[in-house]
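Labels for the chains are A, B, C and D, by order of writing; each one numbers its residues from 1.
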Amino acid sequence: MPSIYKRRVQFAETDMAGQVHFSVFFRYMEEAEHAIWRKAGMRIAAEGREHQWPRISAQCDFKSRLRVDDEFEVRTEMAKVTNRTIQWAHTLTIGDRLVAQGSVTCVCVKLQADGTFTAVPMPQDILDKLKSAVRTD
Amino acid sequence: MPSIYKRRVQFAETDMAGQVHFSVFFRYMEEAEHAIWRKAGMRIAAEGREHQWPRISAQCDFKSRLRVDDEFEVRTEMAKVTNRTIQWAHTLTIGDRLVAQGSVTCVCVKLQADGTFTAVPMPQDILDKLKSAVRTD
Amino acid sequence: MPSIYKRRVQFAETDMAGQVHFSVFFRYMEEAEHAIWRKAGMRIAAEGREHQWPRISAQCDFKSRLRVDDEFEVRTEMAKVTNRTIQWAHTLTIGDRLVAQGSVTCVCVKLQADGTFTAVPMPQDILDKLKSAVRTD
Amino acid sequence: MPSIYKRRVQFAETDMAGQVHFSVFFRYMEEAEHAIWRKAGMRIAAEGREHQWPRISAQCDFKSRLRVDDEFEVRTEMAKVTNRTIQWAHTLTIGDRLVAQGSVTCVCVKLQADGTFTAVPMPQDILDKLKSAVRTD
C-alpha cells in the first residue's frame, strides 16, 4: 500500500500559463518522499548525519493541469531498490483524475576524508524503516 | 485576534547557507494571506474574477534562522486598510522564538477595456468577509 | 550542431546540500529551449498567440554537482519530432565535465472555444524556424 | 555611479497573473549584489570563507509589471554602511520605466566555536573592494 501525501497548490507555484510550472512537480515528489522519512522517524536532511541521499535521476509525465488552490494527493511507492539506490515512484491525482506520474532515484553516499562523496551500501535499518513507513500508511 | 497558518519548511526552500532563503519568507506570508481568503469563503486568484490584488509593497525583518523540517506559525493581522489597499502584517514564530516580521500591501484593481489595470475602491463585502475571517480564527 | 546556452548558477538556486537543487535543472533546460525560440525570432510564451506548448514529459540524469557561481553550458538538440510534439535533448557541462543530461517533450496545443486545449499538428513554419535556429548556432 | 546588472525575465519566474511573482524581485536584487562581489574579485558565498553575510531586512515597492522575456536593469548602490552592516539599494527599470525600488540589508557574521553566528565588524579591505566595484561600473 502506498504512502499518501496531501498538498494544496500555492499561488507562487503557478506560471503565466495558469497552471503549476512543470519543475514544481519534482518538488512535490520530493516533499512526498521526505514525508515518508519523517513517518519512519528519520530526517533525510538532518545535519551531521553520516549518509546523504543525492538524486541521480528524475522523470515525470504530465497528464493533466494542476491549478491554484487544487488539493491533490501524491501516492508514493518504492519502485526499485538496489544495495545503493532507491527509486521512488509517485502518482499525483485529484480524486479520480490522474495529474502526473514520475519517479526519482536517490543514491546513498558517504562523505570521504578528502571532501568527495562515494556511493556506499545502504544501511539495512534505514531501508527497513523506510519500507515499513511506506507500507503502514 | 490574528489568523494562524501552520507550515513546515521543505528541503527545496533551503539554500547553501543551510537555512530558508530570504525570498521564500515572502511566499510564506502570501500563503498565510491566501489561507485567510479561503477561510472567508473566497479565492483571491480565481480565474474570471472581477478584481485582482497585486502587491505594491513588501517588507520583512529576519530575526532568526528557519531550517529544514522546522514547523513554524504565521500570525496574520490586517495592519492598515484604505479604501483601495490592505496591508497585511505577518509574524513568523517557532514556539516562543521570533523568526521574522513582515508586511505585504495589496491594492484592489480592475481590468479595463484597454487591457490595463486601474486601482478601484475595494468592494465592502469582500473587506467584511476578510475582516471576520481574520477575527474568528 | 547543437544550440548553446550559457548560464551562471545563482545563490538562490542552491539548497542546503550546497549544490543546485535537482528541480532547478529543469528550469535551466527550459531557459535553453526558450533561448532557441528567441533566436528563431519567436517567443514561445507571447500573449495572444494561437498555439501553446505545454510540457508532457521531462527527464534528467544528474551526473555531477553544480555549485554556486559555476558557469555552465546547456547544449540543446531536437531529439525527436512528431507532427504534434518536439523532444528537446539537453546536455549540461562545465568544460569537459558532464553535469547532467535530460530531455523535455512539448506538445503543440490550441485553445478551443470551450476553454480546453487540444493537441494539433505543429505549424510547419514554426518547426522550420526552430530547426534552423538550432543548426545555425 | 551605481553598478548595473542586466537580466531577462524567464518563463518560470512568472505566475498565473501573467507577471513576475513579487518574491522573485528579491532574487533579482540578490543577483545584482552578488555580481558586485564578483566584480570586486570576491565571492560572497565561497565555502570555507571566514565571514558570512545573512540578510536581516529586505523591502521592495513594486511600481509596474515585469513580464516574460522583458529585459531589465538593476542599478545598485550602497545606501548605508555601518561597521557591521551594508544596506544595498536597488532600482529596477526597463528603459525609462520604473519597475521596482527596494533594499536589502546584510550583516557580517562569523561562525563561533559553538556553531552559532555572531555579528562582527566588517573587514575594511572587503568593504573597500565592494565600494570600488560599485563606483567603477
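Criterion: contacts are C-beta pairs under 8 Å (C-beta built on N, C-alpha and C of every residue); 3 or more make two chains touch, one makes a residue touch a chain.
Since the structure is predicted, the reported quantities are computational estimates derived from the model, not experimental observations.
When chain centres are defined as mean Cα coordinates, D lies farthest from subunit A. Comparing chain pairs A-B and B-C by the number of C-beta pairs in contact, the larger count belongs to A-B. Averaging Cα coordinates per chain places subunit A and subunit B 28 Å apart.
Remark: subunit B and subunit C have CA centroids separated by 33 Å (rounded to whole angstrom). Shared interface positions of subunit A, defined as residues touching 2 or more other chains, are 11-12, 14, 16-19, 23, 27, 30, 45, 68.
Residue ranges on subunit B touching subunit C, taken from their complex, read 11-12, 14-19, 21, 23, 67-68.
Every residue of subunit D that touches subunit C in the complex is listed here, in rising order: 10-12, 14, 18, 27, 30-31, 34, 38, 43-47, 68-69. Looking at the complex, you find that subunit C touches subunit A at residues 16-17, 19, 22-24, 26-27, 30, 45, 52, 54-62, 104.
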